[in-house]
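Across the two complexes that follow, chain A remains constant while its partner is chain B and subsequently chain C.
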Partner chain A sequence: MAEVEDTLKRIQGYNGVIGSIVVNAEGIPIRTTLDNSTTVQYVGLLHQLTMKARSTIRDIDPQNDLTFLRIRSKKHEIMVAPDKEFLMIVIQSPTE
Partner chain B sequence: MAERSDLKAELERKKQRLAQIREEKKRKEEERKKKESEMLQRTENVSEDSDLDRKRRETEALLQSIGISPEPPLVPTPMSPSSQSVSPASETGSQESIDGGTVGRTLQWDTDPLALQLLADSVHGCKMQRLGASKIVQIDFIPKELVSYSKETQTPVASDQPEEEEDEELSVPKSEPVPQQLEEEKLQEDEEVHPRELTNEEKEQIVHSEDFLFFFDRSIRVVERVLAEETDIFFDYSGRDMEDKEGDMQAGSNLSFNRHFYDEHWSKHRVVTSLDWSPQYPELLVASYNTNEDAPHEPDGVVLVWNMKFKKMTPEYIFHCQSSVMSVGFAQFHPNLVIGGTYSGQIALWDNRSHRRTPVQRTPLSATAHTHPVYCVNVVGTQNANNLITVSTDGKMCSWSLDMLSQPQESMELIYNKSKPVAVTCMAFPASDVNNYVVGSEEGTVYTASRHGSKAGIGEMFDGHQGPVTGISCHNAVGPVDFSHLFTTSSFDWTVKLWSTKHNKPLYSFEDNADYVYDVMWSPVHPALFATVDGNGRLDLWNLNNYTEVPSASVTVEGGCALNRVRWATGGREVAVGDSEGRVWIYDVGEQLAMSHTDDWSKFARTLMEIRANRGDEEEEGALELPA
Partner chain C sequence: MNDSEATLQKNIPLAVMPPKRPKSRVIKEKEKKNETPDEGASESAHPEHIFPLVLTSVTQELFGCRADEDVTGENPYKLLRKEDIVQDMKTRAAVSDFSPVKHIVLEYPEDELLLVFDRDFTYGQCFYLVLTVEAKDNMMKSPAQADDDEEPMKDEEEHVMEPKTPESHPWISQGSEQEIEDESLTHARPRLRYKISPLMRHCGAPVCFSDGNDGYVECSSYEDKSFSITRMERDTSIQASRDTTHSSTQTLWKYPKNMCTQYEPREFSPEEKEHHLRSENLKNFITSVAIRFERSLQQNVISDVFCDDWTVLCEDDGVPTGKTETQLKEYQSFMDLHFSREKSISHVHWHPSISGVIAVAMTERLSLEERIDNSTKLLLNPSYILFWSFTDPINPQLQLECPEDVLCFQFCPSDPNIIAGGCINGQVVLWDISAHVERLQDTRSGGDNISNNLDKDDVIPVVRYCAVSGIENGHKAPVTDIQWLPETFELSRFGIPVENSSRICVQMVTCALDCCVLFWDLRLPRAVSQSLTDVKQKSEEKPPENPHGVPNTFKHLNLTWKPFIRVSLPKIGSTGEYSPLKFSFRDNTVDYITGDKPPQDAEREEVCGFAQLRVPSAKQQKPLENISTKLYVGTEDGELVYTDWKMEKDNDSGRLFSAKPTHQFLAHHTLVNTVSRSPFFKDIILTVGSFGFAIWKEGVMSGPILMSACSKVMCTIGHWSLTRPALFFIGKKDGTIEVWDLLQNTHEPSQTQNISTASITCIRSSSSCGKHHLLAVSDRIGTLHILQIPWTLRKSSNNEKKNVRKYFEKEEERLEYFEKRQIKHEKHKKEMEAEQLKKKTEPAVPLKPDEELEAEALKEYEQFLALEKIVLKNMGLLTDTIDQSDL
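What follows is the complex of A and B.
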């Protein structure tokens, strides 16, 4: 649907957003606004990290589950919205 | 003659020499072959007997060609058992066996291979040996296994297990790094391979799948809220201290701009026709919009649910309808439902649980329902017994059950004096009253009506406005004194009038506006406070305990558009205003103005008495005291 594209473009237009990626369960990027090599790098690393984070949450409490992951670094903020089957990654540089 | 004999003698001598040379050559070959066979016997296993025999036969054949008689074949049989005893390491044994077999030969070999070689060399001098390719056989021996033991101290049973685990871990990590590397390589390969495999068509398929759309809808909402946040969690108050304190200065002001809601796609060129705040979630606001003439292909009716809590500028939910939505409201007892009355007379019901943007239920376009635009929708009743009341401009009032919108539960024509139906533009129910309500009409008259009872239908008429009544609001604030008989109306005649249901003439007329007044609403918490909006873009807050002549607070909205609707938030601290350009403005009301004090009620009662007294003085005729 074109709405998906429009929505992703709108996200891209937010203040400070560097890129956004939508990934499926196998770690294959479905939609991305970054270049290929960066996408592959981000996807590979963040996919693993999300899995690890999810397993951590689950280990502490099996009834619990990961709903959102936010990594704040000096330069960027990476937001990961996980799902059973998909993963949405948005990279934003904080407005300062 | 002598020369010939000499020549002959020379020839014979040469022949003899040649024969000798041939003999020597043959001998050399035989020696070489012997050496080869010995080498073979040394390196090979015993099963190479046939090879040796073959070689023997060859040499015999050669000897025969020279003229030496072959030896009787005594050789093979004694050879085999003796050769079997040959061990790889012993050379001399083989030598002896060979020598033993070849004793009968005319040519004799010395036992030592070195001696043989020396003999050959000495006999033949420094003649070139014929070199030929020799068969190289390579045998690999398994390297000797070095068995090492790592013994640890024998400890009691309890700690044996961790030791075992440690051992297992030790052994496992060793094997793990290797398979991990392999896996990583495989993963990398997969990742490199997969993007090539997932073609664009496959991606499109995934994008269009329902699961993906569900995920996308949810995640986008969350991500947008997060993205819009601009709070700096690392803010250091010791650094920049003074700059941010200016924000507090505005707290003292009575009416300050908070934010506005506007969507490029959906609110542009549309008029905000109605607003409502959610009773369950005070931060949710629903706004309905009418047609966008510039975009004929877009749906005519749009309803957007906005969220005050987060800073994101996009609506929480977007709903469509085929006809302009003139009035909208949250279903009070059903948190997920949004009700809209449209220009065509249909009532549409949207559900935010479904992922559709179109209504989940719609009333039919029939004579039993409405056939004129529905400007008023309201859910009245209690949790268990509630009804949706809708009134259209042809004077028809219908009562519906939210479970079944296929036909109204009851419908009634609002006819005054049995003559003509009332063209209702606005409707209001007093607080906690499900039977009686007030309606304003296009002619400028206001009526009370009731749903059931002996006087079902239109009751009294209130005359006072000179133009169509645009907004009507019943006193909402609950307090020590009951003012539920009061209501205010706004009209095209530039005035706002205060009425009581007990008098058919207005109690007071507020004439501060210079344009059509489009809407009025009492504050839900303050007894003497109400808000009005007009066509000049002015938002006025009137506090009757302060002044009745002028508004206590007033602000003109940017853009200079006409303001169509005003709605107080349920807490009475914010006011939402909808304008003619599709923007919804949220204003914060200062505490002094918004919050009521305990004496406000009594003050207002006194104010009312004063108003009545003043009115009584002005109008000597005296208003008709209507029976309560």
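What follows is the complex of A and C.
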């Protein structure tokens, strides 16, 4: 439990990180540093996107799998790491 | 085609086949027939369908069936026509050979009867007549086929039953080729090729295309009833498909019922979350995934991969060639020989809406004593505010008559025809120039009108002031600064900003050397309007006295005008009051209720005249939040005072009094002549004193963010640039202008330029002059210089605002750090002092008597010996004998 907390705190402490969310496979947030409505919105959208991305990768090559998804926008970068049971989302605003 | 050919080929053997088989049949039949007549002959009876006949030679000749001539053994059949037989019977009656068969012939259905020459007399006679049609057909058929060979009779009897494999034969055309040829598409003639090209001389020549409407005949298609071609043949394809059915259902809607659904996202309860957080799976997941995140996060922190360095590198749009000058170029200068001789310009203001028109206030360059001495002369020479237009550098366009010298004036932001000014005697003056606006606009618009105007009136129109404030109620010292409150809010009697429903500027603020800041309202207060005396006065004033042609806009205020809020500036920490010279308040022009600026044209009410407007009752007004009511005031003694204009009610006396200023900063050592907010940053203020300037940030109470070094020449005025956030201009006493660029140098100006010989009194830049960016500089000898701001000084780079903001933040941090260090330093100092004090005040340690000292020393020595023993013992170096000998 402590390790988990430590790792999450470490990730949250990086320069520019706005928030981090840990979600279970169904899309229910387990732990988040953002407020509830934002969390729910991010989770709902990114969960679907991750599933789509993963199915794309697997369609092309069934032995391949999605490990990491980075979406770069004008203001932020959203990083998603999928897993069989969980999903982790980190939003960072790159320093300029 | 191939299929049909194949089918034809298939048919062929069948076609070929039959002749052989029936032949044998025929032969068989023939044999049968031969047999049967034999049987018949033996019985001397003939089959029913045969009738033996004897034909005389005459009859034979008549019918062409002479024995052995026409009909032979090989060809024994002869078809006789029924009509001929009937005819014969008729002609020869009983003698006719056909008489016995008369009734049969007559009944015979067909036209022709078969007569067979019976050579062998099988039926007893030489001829026989076939009586039935079937027999005739049979007869006819079989003999036709019997013409073929009769020889391979026996062979074929054996082969009949065996199926014969088809042998390929060359294809015999049956006429199906025609169909194929019909279907195929062939060229009836070789294709015609045409090549169209213009004449060589037209190639490359300029072409002139034009509409070709004439000679254009349209033949559109139409349905012609006479030609209706029906499709005889059509190619279609067919595909089998399942049966489809259409069906539908409808729910019964008996009564409407309101239904709604609302969803919310699923969430875990805290216990479940805890449970998940503790699970092993999550731990593994996090540890495996964290590495990826950290790598990516680190990458982002190191550098922004998607940043396009090339576009960011180019900040400016490129300095156009030829515009490499950095100096302010003189564009025009205005000097009126009549009015501005020996006068100084106190204030300059560009006309907000009409470009190229600038207003200048002239004052006498006299000190107080001189004024008193020359008061009669001054009365005869009234002072004016002159309006200059670029089109006419010699004559001003308009003159505004002032009761006294005007030290400062401002155009009303919502209505550029209203001008408010503050005089040297403490009065506040209002002008309305709406009657002369066209003149100002005409002169600006074109050079064509100038000559017309000069013919029309050589006299410059003089506009008298509409209203003056009451002398008792206004200021008692020269009014040094005047500003309008923006139209988004107005103030109630307590100084609380409330919503301004009329959306026009109705209130203004003035300050004077009599140590107070006054707030004025252009509208009549409600109480006054309803009093009877006013009604009486109105009826008396019905015949308007208007000798000077003064517009009636502010008639209601004239001479009775008084401020509704008086803010006094008592000194902090001492008695007395601050005497303000200039002030600045936060220009909250954003409508905080809707969050955006109110639309300028749509919502503004019809300006029905200020006389009709009334101050709304305090209950109706809605107080606005987020509007700062704080003022920065620069005083005569060089202090910058930060105060709040809200009035508080004194519970004891019921009078309103203003709060004490919260902060004051002694920044400059002589009078502060400019307090001006940056047009880009609402919380950055520039103050200019005589020996330098200072930049302040609202909210930072410890001191100025930036303070300039003392300059050799006295500074008289300061002005922010309207286009570049880091630039401002400082005017000096020797007539030079310094251009300071905060991003370049903060210890010295980036540029200095001498404009005139006298000291600069006012600098204003215009924002509405089209392609020219002009700077108006006025000096003490009454000349107004218009300078052109070069490209470098007016074009801000992309990141300039950000950089300047960063610079200010850095300075703020420096100040904070400095403060903290100060505090620390002080604390440290205090501690040091306390320690020293403690040392001094502590009683001296009493000297111990010698015996005690010795005893203590001995004790220590013994302790040391014991320690030595233990150590040596541990090291294993000690033996008991040595130990005792030592002792």
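We take it that the second predicted complex is superposed on the first by the 96 of 96 C-alpha atoms of A that agree within 3 Å, B and C clash if a C-alpha of one lies under 4 Å from a C-alpha of the other, contacts with A are read in each partner's own complex, and residues count from 1 in each chain.
Just so we're on the same page, a contact is a pair of C-beta atoms (placed from the backbone, for glycine too) under 8 Å apart; a residue touches a chain by one contact, two chains touch by 3 or more.
This one's a predicted model, so the numbers in the text were calculated from it and none came from an experiment.
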Next on the checklist: Applying the document's definition of touch, where does A:40 land relative to chain B and chain C: first, second, both, or neither?
Outcome noted: both
Next on the checklist: Going by the contact rule set out at the top, does A:94 touch chain B (first), chain C (second), both, or neither?
Outcome noted: both
Next on the checklist: In the overlaid three-chain picture, which partner chain does A:17 touch, first (chain B) or second (chain C), both, or neither?
Outcome noted: both
Next on the checklist: So in the superposed three-chain picture, is A:4 touching just chain B, just chain C, both, or none of them (first/second/both/neither)?
Outcome noted: both
Item to check | Partner chain(s) touched by A:30 [first = chain B, second = chain C, both, neither] | outcome: both
Next on the checklist: Considering only the contact definition stated at the top, list the common interface residues of chain A for chain B and chain C.
Outcome noted: 1, 4, 7, 10-11, 14-15, 17, 22, 24, 26-31, 36, 40, 43-44, 68, 70, 72, 79, 81, 83, 85-86, 88, 90, 92, 94-96
Next on the checklist: Help me check something: in the complex, which residues belonging to chain C touch chain A?
Outcome noted: 265-268, 273, 276-278, 281-283, 285-290, 292-294, 296-298, 300-301, 304, 306-307
Item to check | Of chain B, residues touching chain A in the complex | outcome: 187, 191, 194-195, 198, 203, 206-208, 211-213, 215-216, 218-220, 222-224, 226-228, 230, 232-233, 314
Next on the checklist: Considering only the defined contacts, which chain A positions touch chain B in the complex?
Outcome noted: 1, 4, 7, 10-11, 14-15, 17, 22, 24, 26-31, 36, 40, 43-44, 68, 70, 72, 79, 81, 83, 85-86, 88, 90, 92, 94-96
Checklist entry - Which of the residues in chain A come into contact with chain C in the complex? => result 1, 3-4, 7-8, 10-11, 14-17, 22, 24, 26-31, 36, 40, 43-44, 67-68, 70, 72, 77, 79, 81, 83, 85-86, 88, 90, 92, 94-96
